[in-house]
Structure formats: C-alpha cells, structure tokens
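Mind having a look at this structure? Questions to follow.
Naming follows writing order (A, B, C and D), and every chain is counted from residue 1.
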Amino acid sequence: MDKIKVGIIGATGAVGQRFVQLLADHPWFVLTELAASDRSAGKPYGEAANWLLPEPMPESVRSTTVREIAPNLDCEIVFSALPGDVAGPVEEAMAAAGSVVCSNASSFRMAPDVPLLIPEVNPEHLGLLATQRQRRGWRGCIVTNPNCTATGLVAALKPLQDAFGLRRVFVVSMQAISGAGYPGVASLDIVDNVIPYIGGEESKMETEPRKMLGRLDGDHIAEADFRISAHCNRVAVREGHTECVSVEFGRKATAEEIKLAWQGYRGLPQRLGLPTAPEKFIDARPEQNRPQPLRDRDAGRGMTTTVGRLRPCPLLEWKFVLLSHNTLRGAAGGSVLNAELMAVQGYFSQRPGS
Amino acid sequence: MDKIKVGIIGATGAVGQRFVQLLADHPWFVLTELAASDRSAGKPYGEAANWLLPEPMPESVRSTTVREIAPNLDCEIVFSALPGDVAGPVEEAMAAAGSVVCSNASSFRMAPDVPLLIPEVNPEHLGLLATQRQRRGWRGCIVTNPNCTATGLVAALKPLQDAFGLRRVFVVSMQAISGAGYPGVASLDIVDNVIPYIGGEESKMETEPRKMLGRLDGDHIAEADFRISAHCNRVAVREGHTECVSVEFGRKATAEEIKLAWQGYRGLPQRLGLPTAPEKFIDARPEQNRPQPLRDRDAGRGMTTTVGRLRPCPLLEWKFVLLSHNTLRGAAGGSVLNAELMAVQGYFSQRPGS
Amino acid sequence: MDKIKVGIIGATGAVGQRFVQLLADHPWFVLTELAASDRSAGKPYGEAANWLLPEPMPESVRSTTVREIAPNLDCEIVFSALPGDVAGPVEEAMAAAGSVVCSNASSFRMAPDVPLLIPEVNPEHLGLLATQRQRRGWRGCIVTNPNCTATGLVAALKPLQDAFGLRRVFVVSMQAISGAGYPGVASLDIVDNVIPYIGGEESKMETEPRKMLGRLDGDHIAEADFRISAHCNRVAVREGHTECVSVEFGRKATAEEIKLAWQGYRGLPQRLGLPTAPEKFIDARPEQNRPQPLRDRDAGRGMTTTVGRLRPCPLLEWKFVLLSHNTLRGAAGGSVLNAELMAVQGYFSQRPGS
Amino acid sequence: MDKIKVGIIGATGAVGQRFVQLLADHPWFVLTELAASDRSAGKPYGEAANWLLPEPMPESVRSTTVREIAPNLDCEIVFSALPGDVAGPVEEAMAAAGSVVCSNASSFRMAPDVPLLIPEVNPEHLGLLATQRQRRGWRGCIVTNPNCTATGLVAALKPLQDAFGLRRVFVVSMQAISGAGYPGVASLDIVDNVIPYIGGEESKMETEPRKMLGRLDGDHIAEADFRISAHCNRVAVREGHTECVSVEFGRKATAEEIKLAWQGYRGLPQRLGLPTAPEKFIDARPEQNRPQPLRDRDAGRGMTTTVGRLRPCPLLEWKFVLLSHNTLRGAAGGSVLNAELMAVQGYFSQRPGS
C-alpha cells in the first residue's frame, strides 16, 4: 500500500509535539502537513516549535515549513491538537471540506453523532459516522478521543463492566503538569504544592465515561447506566495521571475474578495488531505500592494502563489505583490508534495489508 | 503559677524537633528534658539533632544534654515523638511511673481506655482517664493525638456531624513527605512521582475518626456510626496533607448550611484561649482552587484546618477539599494542645490562671 | 512624625506583592497607592492580584482600588516593581513630576548619575542625587537596588573588599524560580531539570557589583577595579539564590581573618536601626553543608545574607557559598531599606525620629 | 565467539541495577553472576532488588539467585558497583584470584598502577596493567572508571586539551540525586532546596582529571599540568550532572576552533564500533539554553556528553556548560565500555570479531 497522508493542526504545542513524535516514522501514515497558528506559519518547524520532549525532535520535520491552519491541507487525515476553545469551528470546517479529523479536543466529544473512541473499548461506536455524515452533510468526519483522565479510567473499567457490570464509581485523580500544555502550569504554582482544581475536568470525568461505556443504538449512544463522582488534582509530576478508584459492580466479584478480568482482556487493536497498540491493554501489577507515574507511565510505550493495589472498599466494593500516560494513551497516542483502527476498517483511500 | 516541667522523648527526630520548637518558649510549660536513643544520649542537643526545620533551632536547647529515654526524667509531662514500633512499652513504663504521657505515636490510640483527643472535637473523652488509671494501676496516664491524616479529616467533619449527622465518608489523601519523618521518603522515590501507598495509613484513617467522633459512655467510647473509605498517597510536598472528601449526611444540607457550620464552629480551646489554639479551628475559603498545601498550611500557625471547593457529589451528597498541617496540627501541635487542655482542667500540679 | 505616603507601581505582580507585604504595616510609611496595568486598574486589589505568597494578603489592601500607573499618584515615594522592559519611561516621568522613585527595575541601574544602592554597602552613593537632579532637571529622583543575584554577591564581598581588597571573583548562581516573576518559569521547564541560562543575568552580575563596590567621586562612581565572571542557572527552588564563589584578594588573608571580617561587619542600617534592616547583615555559618536556600533564606526576615563553606581555592584563593533571599533582600526588601535610609537622611517631608 | 562470562558485585544497588540493565542483553558478555551483601544473598534477584529504574527489570535476571560476594564467582569479568568504603579489599581479593575487575568505586582510582579509564580519552593507560600485575602479583587486574562528575568534565576537556592545551579549569557542578545511590538523598533535604556540599566530591574533581588527561610514562602516569578548582552541589534532578566550566588554554582559541574541536573529536571506541559507544562522544548544541539534564541526559543512550553555551569568560578565557548522564556514562556505562575496549584488545579468553 502507499502510505496515507496525514497532517497535524496545532503541531507546535505540547500535544502537537507528541503527534509529531508518533507520526514521523509511522508504518502506515506519512506526515505531509504541520499546521499551527499564524505566529508559527511560514517558519521551519524546527524553529517554530519550542521542543519540550526529552527525546530529540525527529530530523525529518526540522525543516518542514509550518502551514496556516486551513481546510486545504494536503492530507487525508487531520490530527487535531488544538486547544478546546478554538478547535470547534476549525475542525468542523475541515470535516466539511472532506478531511477525517481525529481530534484530541473536547469540542465534539459529547456530540450525539460523534464517536468518542478508545479502540480497545468501543470500536463499534465508529458506527455513528454514517449518521454524522448524513445529518451534517460533511464529506469528511470527526472522531474524538477522550479527556486524558477519563481515558485511563475507562480503560480500567471496561474489563470490569464486561465481567461484572458497573453501578457506582468514585475517582480522585493526581494529574501530571504536561496535561495542561505549555507553558501551562507555572512552577510557582506546583513546586512543593498540590492544586486541587482543574477547570472543567471533573465534569468531563463524570460524563465521558458513560458515553464510552455505552451501547451503540442505531443513530446514537445509549449511555451506560452507572454513577460517577470525580475529584481532580494537579501534582508535581511530569507525565502520567494517577487515579484512586472505588467501584461497585452489578454483581459480586472476588479479587481473583477482577484480576483475571484485567489480565485476560484483549481489545480489537491487540487482535488486529495495530502499530500503536500495546501488547497489554491493561497491566495489573502485584506490588502493593504500584502503579506509580515515574515507574509505570512508559509501559507499552505509554499505551498500557497499569492497575494495582486492588483491595476491598468499606464503602463501595473494591478500591484500586490506575496509571495512564496522559500525553500518549491519553492524547496523541489515543488519537493515532483511532486512525489506525479506521484504516484497517477501510475508511481511507488505502487499506493496510491490502 | 510556676511553669510545668515537660520533656520530650524522641526529641531529635522530625516530630521531636517540632515539639522543641513549640515548647522552647511556651507560656505554661518549661522544657526540662530532651531524651532520645542511645546514639544521641550524652551529646548536646545542638549536636545530636540534625535540625530539619527552616526556622532556626531555639538557642535555649542548643547546649542541653540529651538524656536516655527512661522513666526517671525530671518532668511532669512527657511528649512522645517516638516511632510507633517502639513507643508502646516505653510510654507504658513512663505512665506507670507517674508521667502524663502526651503521645503522638499510634500504639495506644485505639485502646478502649485511652483518649484519642482533638481538644476542639472531643474534649470530654479525657473522662476515660479515670478508668484508665483504675484499670491499669498507673500513677500517670497516656493521652494520644490522632494520625496526621485522620486529624484534618475529623476537624472538617466534626462541625458537619454536629449539624447534620454523618452516614458515609470517602477520602483520598495526598500526603506530605514530612509525614514519614527523616530521612523518610527517598528523593528517588518522590521527585517526579506519586506513591499511592503508605503502610498502615488507610486502616488508621478508617478507624480513628469513628472513635474520635464517638460518644463517651462511662468507661468507654461508643464509636460513631458511619462508614469511611480511605485511599492514601504520598506526593512531593514538604508539609501539609491535602484530602479530597465526599460525604453523605444524616439529613439533607445546603451549601450555605455547610459553610455556616464550618465558619460558626468554635471549639473549647478557642473559648478557653489555650496558647496553641488557633483563632479559627476551621477556615472555609471561597476560592475555587483552594486549599493548597503551600498557601494554606501555615494558617493559624499551622493549627487551622482549611476547607474549600464545596460542591455537590453525584455519588454521595457533597464534595470538598481539606488541608491540614501534618507536623503541627497533625502531630506536635496537636499533642501540645492536648496538654494545654489538661492543664486548665487541673490535671497537673499547677493550673494556669490560678 | 506623620507617616510618609508611599505607592507601588506594578503592585499586582510577584515583586509587587512582596512590596505590599512589607509596606502594609510599616512604622514610617503608609501605603496610599497601588497602581498596575490597565487590566487591573479599577478593580479592588484583592481581586486584581493573584496572590502568590504563602502568608495571607494583608487585610488592609484587599479593598483598595488599583490605580492606573500615572505621575499623579498621591504619594511621596513610588516603589517600582515594573518589569525592566517597561520601567524606564514610566519611572522617568514620575521622577520628573516630583516622586522619589525607589526602583527594583534594571533600566537606570547603570546610569552614571543614579545610585545603585545597598544601604549596608554604599550609602554614600546617595550623593549622586544632587548631580542627578541638576543634570536632569527632575523635581524627584530615582534610586535603584541591584539585580537579585548581584545583591547577595556584593553583600558577601563588601566586608572582604574593605579588609583585603578584591582582584578576581568567580561566581556561579543557582537561582530560584520566583526570580522570574509569575507565571515566569513553566513547570515543564524546571521539574527534574536545571536551566543553565537566564537572559541578561550574567552581564548584570559582571557589571553591577563593580559600580556598587566603587567609590563616589564627585559627580560619578569610580568603579571598583576587579574582574568578575558569572554563570547563571535556574533550579527548582521557590525562593533564595545560592551562589558558589571563588575569590582572589588584594592581600593574603587567613580563614580566620575572613570569618572575622564577615562576622564583624556592621552596616549603617544596623547602626541606625532602620526598621527593615536585619540584626546581622552577614551570617557566617560553621556547618559544612550550609547555606541552603530552604534553611537559610528567611534569616533576618529574608534580609540577611548567609555565607559558609569557606575553604581554599586551588585556582584563586578562597571558595565559599552564599545564600540571599531574592524577592526580599534582592528585590522589595532592598528597595524599602533604601527608602528608609533616605528617610533618616532627610530626603522626605517627614524625618523619622524628629 | 562465545560470550564472555561477567558478574556484578553490589548488584542490587542503584548503580548495580544500571549494570544489570546494560548487561542483560549484551552482544559480547553474558551475565552469569549477581552478587550482593549477605542480606540479599540466596534470594532471587527480582525479590532482593528494590528496582528503581523507570524501565522494567530484565526478565532474564528476575529469578537469578543472588550470590555472596566472594572470589569464586563463575565469571571472567567482575563489574563492581560497591560503595567506596567497602570496595577496596573485596576488589583486591578478586583481582588476586584472577578476575578482571572493572570498578566504579573510588578505592583504586588514584593508585599509580591502576588505569583510570575513559576509552575515548586515555585508552593507552591500559598499558599500566603490565606493571600492575608484575608489582602486585595478581592473576587478574583492576581497571577503574572515574567519578561521575569528573567523567563529564574530562570528556568535554579532552578535545580542547588536544587542540589548545589546558592551563586552568574552574568547574561548578549541579548533581543529580541518583549520584548518591538509594535511598541516598532524603526528599526532605532536596525538595525546594539545593545542598552545596557532597562529601569527598570536590577533591575527586580536582585530582582525577589530571590523571586521566596525563601521559602514560612507562610504569606510571605523568599527570597533566593544569590547575582545577571545583564546587559541587546537589540539586533536585533525577539523572544528569550539569557543570558550569570556565577554562584557560595553553594557546588562544576562537569559538569556531573550539566547536570544531568538539564536533570533530572521535574516540577509539567510535572507530572500533564498541557496542556501548555512542555515535557522538561529544555533542555541541547551538541553543543558548542547553544542555539541560532533562532534555540531554539520554543523548547517545546516556553515553554522549553534551556541551553548549560557549562564550567568553572575563576571568579565564572561555565559559561553557556540560551535561553528562551520571549513572550511565558516569558509572555503569563507563565501566562496561572499559570492558569492551579490553575485549577487543585481547584481555579476555574470547576476542570479539575473531
């Protein structure tokens, strides 16, 4: 097959850089367009981007000229790393003009005809796209990936929902500074400190999971019927969101059954061997002090969700801790995996393997 | 009045240093004895202690010779900053020999005849001392203060229990490194990391509050009848434990009623004007991103518990965040306040004000 | 005496807040004006300022209306906490209109007729003001305090210059994040990192000390004749600049002589008892691992410079480490002390003590 | 060739773990022995070692039984990760019994007949081994790698010494917490702090470079004739030592010549293609704010030394900043590279490539 042309909008920001890193040498996609705000447009990417990642900037993008964000980009897929407050109209224009927009922004996540997708969790939600195109009259479409904190939670819950049903979920997050982009969190606000507030985050945590764990019902998603309460905090960690979870199931479960549900879970991307899919969707660790962001965030090249500390909860039924890499699985990596799933399902001009 | 002679056992450790700081210039107490392990005994305190606090070591203790820990110390009150695994037998021997032991250790906290005391919360629990002396045949006695994390939780809950009753409490802590003493948490374990586990902490959090919020019933405490679930985490903060709390009351309450309950609460130490008592036991802040450890831990010289972010909880009824200084209110300060309460109630040879 | 009216320009920023803290309850000065950018003007200070300090905002300023920055402020002294790139014309206009501007900005520091003042070091440089007024035709005047990193260095060097003369100075700084203001350093740039570059800092370090340690010669300063080389770094510390210094003197000195020179140094502010002056201008500590920012920055309420680790240098003659609080002694505190010195020397309508 | 059997003594500690990581899948060496203190001996490595690295423990060592440290280990090369205070006698016994000991400890570094080796810098110093064996009568031998902070400095200086000669070097380090091992630096000592003291470090920095940059003269090393002064500091960085350097050469050099000397330098390991050798021994970066530990420590898989910020020094001649990974290039990686060099030079029973 020829590679599928892809572009990134918001390519110079923190999440944009993660997209660059994942797409610079992708087996199915070729990165043809880097677009960003007017301030960057026209400059070589190596100069426009204040590169933040420890790994060096891929050589191949260094001299690429940054384009303006406009619907005429030369690519079939557009990965959107735009901030939520500007993403909406831009993504809409691009989808209307024919692009498949894989968006990390929140603008369309809860729209009834837009898939909010984790390929291991709800690949069948792509079925909404027929409705989306018909209703909106777009030649392209929009597919979204969830909020970084909701991503890890839903990953850990999905095997449990399948096995035992879900009734109530309590979650408290300790989120990494990279989740706020760059410059993002001021060092004076976080060194020797915790900020027990992240604007808009808790409501995302309390709505997105119910959509993702819901059932495709013709032209819409019937949301999963469980209740969820979230507290969100920022801590002085670079990457990796830690979440303390208590959960009540639809039927009783033993610790062994729960661990088995996690360890045995294999998603569609694992079965299809998608390039960005980790070997293990969930890794359940036995140590009493894991997962930890520093030591577990890079599991499965940042695409595995690590769980641990399973123990009874005096209030609901079980407690555990989960860890998810917020800018890989929870942002750029999740979005790229969405596109890979669409690729094998024939949404693009080329189909891998054919 | 003459000042009451007091001593500290475990005087060179992290909590011991806080005791020294609070007692070096106390209006009612005079610090006559500093005792520590054999390794330190015989040395001047200024040399034996690796002083950890930002404020300088009080001049008055610099040349004091550190004593061995033994029941013959020349003091009426013994403040115990010993680690939980060695405190038990030592404190027992001292109480038997006639000392009033105000202990920060966990050994006796849950003993049925030992008060687990926060003077603003359950001063009447001192009534257990009669039983304690009678049963154990001690000339002295033991009074304990709670675990540092339980302290802040109980402080925030007490006004709510009084006003609305308590049914269920969910709490997730983000605890400061100073809570583990010195050297305590290795920097390689916490820089750019969270540790979602603190040995023994969750069980303390799930038992101590029910005793403290219980009712003195003759010779024992009838524990309060509510359920509590705790997740405990260590974060890269020097001082100040942050706790995310969800709560269900016995009767419905509005946000206004809850804030009023907090703001209007005045404990016995405030009414008595005890020297270490803060003006406000609880400070309810209006900002949406407070409390924060860096900015609120020193409220009321570290003795005020700060609460904030009150909002509805989709699972229980209300959510909020609290912040408590773990080595002041949650350790040495709490213990000194206990002794001050006992002083005005006539437990010692001298009574302040008389 | 009546109190002297003072105002702050740039009152809402990080250094502005330190000025507010120091002036809200000053024995000689009354804070009548808080001025800031158009964005803040018209709002109550409590709302306009994102308060960053651990200590609470003084009650007295909470409802003060923030003014626009303009020459008609109702005050005799203007403390300037403006950023260097906008301070120049504003300060000039105010001095021309009659204000005594005590500026923390860099714009005028190296102007030949402007005092660059540390009252313990070069109080006689105020003698430049006669020339300044005459040449510029201003009714008011401008007095500056040095760069925060230069401040600590000059403090430590002054007693040594007096005693032994100075030939060569090598200095490497490890500077606190508060030195960059707010939001200043992004947390993604400094957590688990060092930034070995601070724009413009090294050239300030290599020029300002020679002026401050120079001699007033009629209408100008004859710069001190020694050479200095500086490397400046940013580290993950909240407050307090640490500096490693190697020095060669004009004549040989022993370790004892050097310590004596530091310990025995008493500046004019100490002799005059100025309110903001610390008891000790320099504190020379004996421990081999001090000074440290965490443990020494608050010495003398942030106005003492702490030195330590004096030892021979294989290249120059002696090595030592110094620590100076960068937003107190190195910014707002230094500026307030300058105004206090001017007050007792009769530069204002009221003279303290008369 | 068959692989050469190697063992690690001190295998469970922080540096020991880095050795395990580098040797678990080495093309020339097979890891047959993991030895540690009595406390660990007899346990499987997976249980004995508190694994500290972000990358997971290699599966192959998980069940290896940890051996006691004794001269009868079944291996030809012994990598020593022992602490300096116990390494001496143990290493000596092993060398006497026939092992080639590649030691990261300081015990023998300055012994006149022991090579202190960086293969890119002074491979010819292996010539001391003939003298060593003859004098000491050992069947094996000891080869050491330098102190982690001296390693980076010597790497950056070597190309400059070759090109311009060296007269005087001033260096101030900001060292990572991993340099102190585990548990090492207490978090209470380093969060929001700098410690301007590391025991014994400065004297190593002022002696080891002169030996490494010296000339093999028959049976000893004629030390290089330049002077060096070091200040050593600990900062809150996980990995990577940053060093600010000023230097005076034997002859004048331009910035271009210096950059050329760095960029053009190729060591023997690069020419030989040793497995652990980085492509670039030195990487000279053009950005004004690099190198930084977070962003440059992993260059060349932690084996490249990054330099930058070259600019004139008002005191000596040139200033620059360098960054070196302290537990890879500066410890285990350096030691493994030493063994690789010895392998191709025929010191072992097998010679790679033959």
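Odds and ends about this structure:
Just so it is clear, contacts are C-beta pairs under 8 Å (C-beta built on N, C-alpha and C of every residue); 3 or more make two chains touch, one makes a residue touch a chain.
All values reported here derive from a predicted model rather than from experimental measurement.
The interface with the greater number of C-beta contacts, when C-D is set against B-C, is C-D. Among the remaining chains, the Cα-based centre furthest from that of subunit A is the centre of C.
Inter-chain centre distance (subunit C to subunit D, centres taken as mean C-alpha positions): 43 Å.
In whole angstrom, the spacing between the mean C-alpha positions of subunit B and subunit C is 40. Under the contact definition stated at the top, the residues of subunit A that touch 2 or more other chains are 191-192, 236-238, 294-295.
Residues 168-170, 172, 174, 192-197, 206, 227-229, 231, 233, 235-238, 242, 244, 246, 288-295, 308-309, 313-316, 319, 321 of subunit D touch subunit C in their complex.
Every residue of subunit C that touches subunit A in the complex is listed here, in rising order: 14, 52, 177-178, 182-192, 236-238.
Of all residues in subunit D, those touching subunit A in their complex are 54-56, 191-192, 294-295, 297-299.
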